[in-house]
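In what follows, chain A forms one complex with chain B and a second complex with chain C.
== the complex of A and B ==
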């Protein structure tokens, strides 16, 4: 009998990921691309990329689950599930000891409390605006002339932080401009920005509480500055999967496995 | 179902004009608790102002950005001249924001319309509370009669009976809805009930009678929830719940069942009966019910309706509700009931985040 495969696609506001797993829930392949303007096209492209890497055809897929902010528009998915459930499922699969999942993406940040089976117990998610999310870091990195993948490390160069009072992306940007004009050191401003984001996610985490091992997922988990400052603030170690961005898509693939076997 | 007509809401402005043409006075009433029976008895139709459509622009001149949208949209409605049809306003003493709105309307807008306040007592109730409330009823009657028609005691008695009958029918509908014996979706159910915010009591009662007299078609939702908070907005939330096959099995909304009460059908004195009914109201943040009491009430609602979770719909910056919420959430969780707080504008549609939060909550309840 032919091998069965399952796909999960996470259409995020920033990037789209696809993950393929086999019948034993082994991850075989993944892809990460920019979402761009057309979420459905991004989903198609990400899926084709992940399939091509392992030379599998679309017909070999037993089921596809879509998640992420663009999930409703993924036409070839058999089921849509929110990224909150998917990140919980993916994180539990990688770290069965997970009790708390912090997912920081481009426009959303979520703190998810899960039980020993990876099921949701409670969660919080930011409101409409992009204050304190990955987008905020992108805008600030650009404003301060840094590459995104170096931005977090710059935050760790200085022991001191210039306090930033605004996490609203628009206001914080003008605050940064005036701090630069007052000759505050760039590293200290960068640390201050990271501290502001960490304070915000910390406050969010307090409403559901921190339970068990804490897993960090989403693209912001690639930012060493956020990881280290958040570990200091939470006074615990954060477990970060090797590819934190694909955890939602992995969770979606696992849910496809559960639903379409 | 019986006559499908009640599903289509009458044109509000046309209805109000017809009422006026019949010689009735119209009073714009802001949320939430007021003795509507007294208004009816004075030939005054209360037209409640909860969630006027549109976005506030003019109102921002008078209000800080952190004032709730009920107050903001209500003021906007007045400033746009869309309340010209009413003969005055009534502001129950619900919260500080509404209190301040009453002074803006009264002192600064030069509308040339009377503005009334209704001061209802807050908890904890003492020995003097009953007397105080009864006195407030008399003050309101005196103020209204000095401007509108004199009160007809027989009609007041009749209005209490109408109110009792409306309460009885609503109770029946709540029960049918809770036990899945009504085929109404959430997005049909609320607009029908909310017609009580502007219909003359006899018309409203007729509508409710039509519903309860119709044959009942059972519905089979996957998940039942309790809806709490202030009012069922943005309305798109109700369609999303329908799409997810979730039923609002019990409701603790200020604008719906939390205002619900059943005055006695037999009484010797209407004002005493109204006072007694007020003191027996369900727990509410706007009357300062101790959180423990409200928590017990919510737990009872959830258990009684087999609801798996509670969704709180809170207008942004609604202080009375927001202060109680952390403890309510915690208490519910201890009782094994999950809850979700949605703090929102009233007419903003569904954002991606809002959809995701609600869907994830329902996924969580389904586990």
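== the complex of A and C ==
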């Protein structure tokens, strides 16, 4: 009997990921690309990339599940599931002890409470604007002349933070400009920005409560500054998967496995 | 009379049959026959309002004001909140709000207030015309916004504002509070006599109080039919059928209408006719309707086999009016109006919701966090957590607004609701 494969595709506001797993739920391959303007095209490209890496054809896929903002437009998916359930499923698979999943992406941050079976119990999301999410960090990194992958580390250079009162991206940007004009050290401003975002996600987490082991997923989990400051604030360790950005796509692949075997 | 004031019911009409596609109409049971009668009543009310000026004293009244007293003097009443809902259902909320904003009112101000101020400033209304008020009659039992909003209207028209001040109920209603409120009601009488050029008539007043009580009890019985499974009506329909109890309370027309509606619903229950074709899960709604989304939501939930069977909002007009007592009209009105959900503590609200969840066999809760309505939206996260802890009822919070569609995002709401459906489907 031919080997069976399952794919999950996460079309997020920032990036699109695809994950391929086999019948034993082993992750075989993944891809991460920018979403760009056409979500459906990004889904196609990400899937093709992940398939090509292991030399598997589309016909060998038993099922595809799409998630993320662009999920409704992924024409070749057999099922659409929210990123909330997908991040929960993916995180539980990697860390079976998971009780809380914090997913911070480009425009959304979510705190998800799951039970011991990885089932969704409750969640909270940021409100409409992208204040205090990954996009905020991108804009601030650019404004402060830092690469995104270094930005978090810069926040850890200084013990002191200049308090930033706004998590609204537009207001915070002008606040940063005026702080720079007043000669506040750049590292301290960067730490202040990270602290602001951490305070916000912390407040969000308190509305659903922290349960069991806390997993951090999404692109912002690559930011060491956020991880460390959030650990301090929550007074607990955060478990970060090796590839935090693909957890949603992995969850989607696992759901494909459950539904299309 | 065609179409006058009918916008109030546009959402309702759409909700029933006209614009639904074939596959959508399969989601619902047969439409309620009463809907046409409701439409006639509200159309007539707004139509006659055009001719009220000069013929009758006109009062603009808030939803939680003790209108029974006012009615005994023969006032024609207009409810700006009902008008706001109507503007919202017609999807004209944002346009109206921006008129008020251009006059300097903050976008953070309640959108009912912004719509009313916009109408006052520009004369715009989908009803054609609203009669100029001779008097304003308000109670701060729903919020403080009312006080300042009605002050602004009072200033604009240079007319008296009567404000019924209801002390917030932190724990239990004290006799001193009741006395304070009764005294206020009595002080209103000479002012109302002057404004209406009529003498206060105690027996007429008692009659109106009695009728308001009967009407509210009937409204309660109407809601109670939804305890049956399948429920004969959805909460989205009750949002519209609520109009008479809010704005025509104490008048025979409201009383008679609800008798007929109740009979129709009881027949449906007897025949096992549900409002939705599939009622797999039963839900509760918290806060005021998202007026411009009522139709979309009704379809979205029906597609999932979910029906809303109760709401704190619609329940409000059945909850405290039972205190009304013709033998003790003043004191009973003080209780009725000061114990309303928005003037009551969070513990009260929590217990009320627990009771509704049990009585209506609710499986899940949708909480609308309304940008306009701070008093209704405060504490919702705590309530959500408590209800989960105590009853294991899953809930979702959606951000939006009652009438200002700029404060609502379809995409974000969809993700939240889809995740909520996934929780309930587990």
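Basically, the second predicted complex is superposed on the first by the 261 of 261 C-alpha atoms of A that agree within 3 Å, B and C clash if a C-alpha of one lies under 4 Å from a C-alpha of the other, contacts with A are read in each partner's own complex, and residues count from 1 in each chain.
Throughout what follows, contacts are C-beta pairs under 8 Å (C-beta built on N, C-alpha and C of every residue); 3 or more make two chains touch, one makes a residue touch a chain.
The model shown is predicted, which means the values in this text are computed figures rather than measured ones.
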So if we stack both complexes on chain A, do chain B and chain C clash, or do they fit?
clash
One more residue to check, A:89. First (chain B), second (chain C), both or neither?
neither
Identify the partner contact of A:133: answer first if only chain B is touched, second if only chain C is, both if each is, neither if none is.
neither
After superposition on the shared chain, which partner residues are touched by A:69: those of chain B (first), chain C (second), both, or neither?
both
Pick one for A:122: touches chain B only (first), chain C only (second), both, or neither.
both
When the two structures are overlaid on chain A, which partner does A:81 contact: first (chain B), second (chain C), both, or neither?
both
Touching both chain B and chain C, residues of chain A:
69, 81-85, 108, 119-123, 125, 127-128, 207
Taking the touch rule as given, give the residues of chain C at its contact with chain A in the complex, in rising order.
381, 384-385, 388, 394-395, 397, 399, 407, 409, 411-412, 415-416, 418-419, 422-423, 426
Okay, in this complex, where on chain B does chain A touch?
326, 333, 338, 343, 351-353, 356-357, 359-360, 363-364, 367
Chain A residues touching chain B - in the complex, by the definition given at the top:
69, 81-85, 108, 119-123, 125-128, 207
In their complex, what parts of chain A are in touch with chain C?
69, 81-85, 108, 119-125, 127-128, 207-209
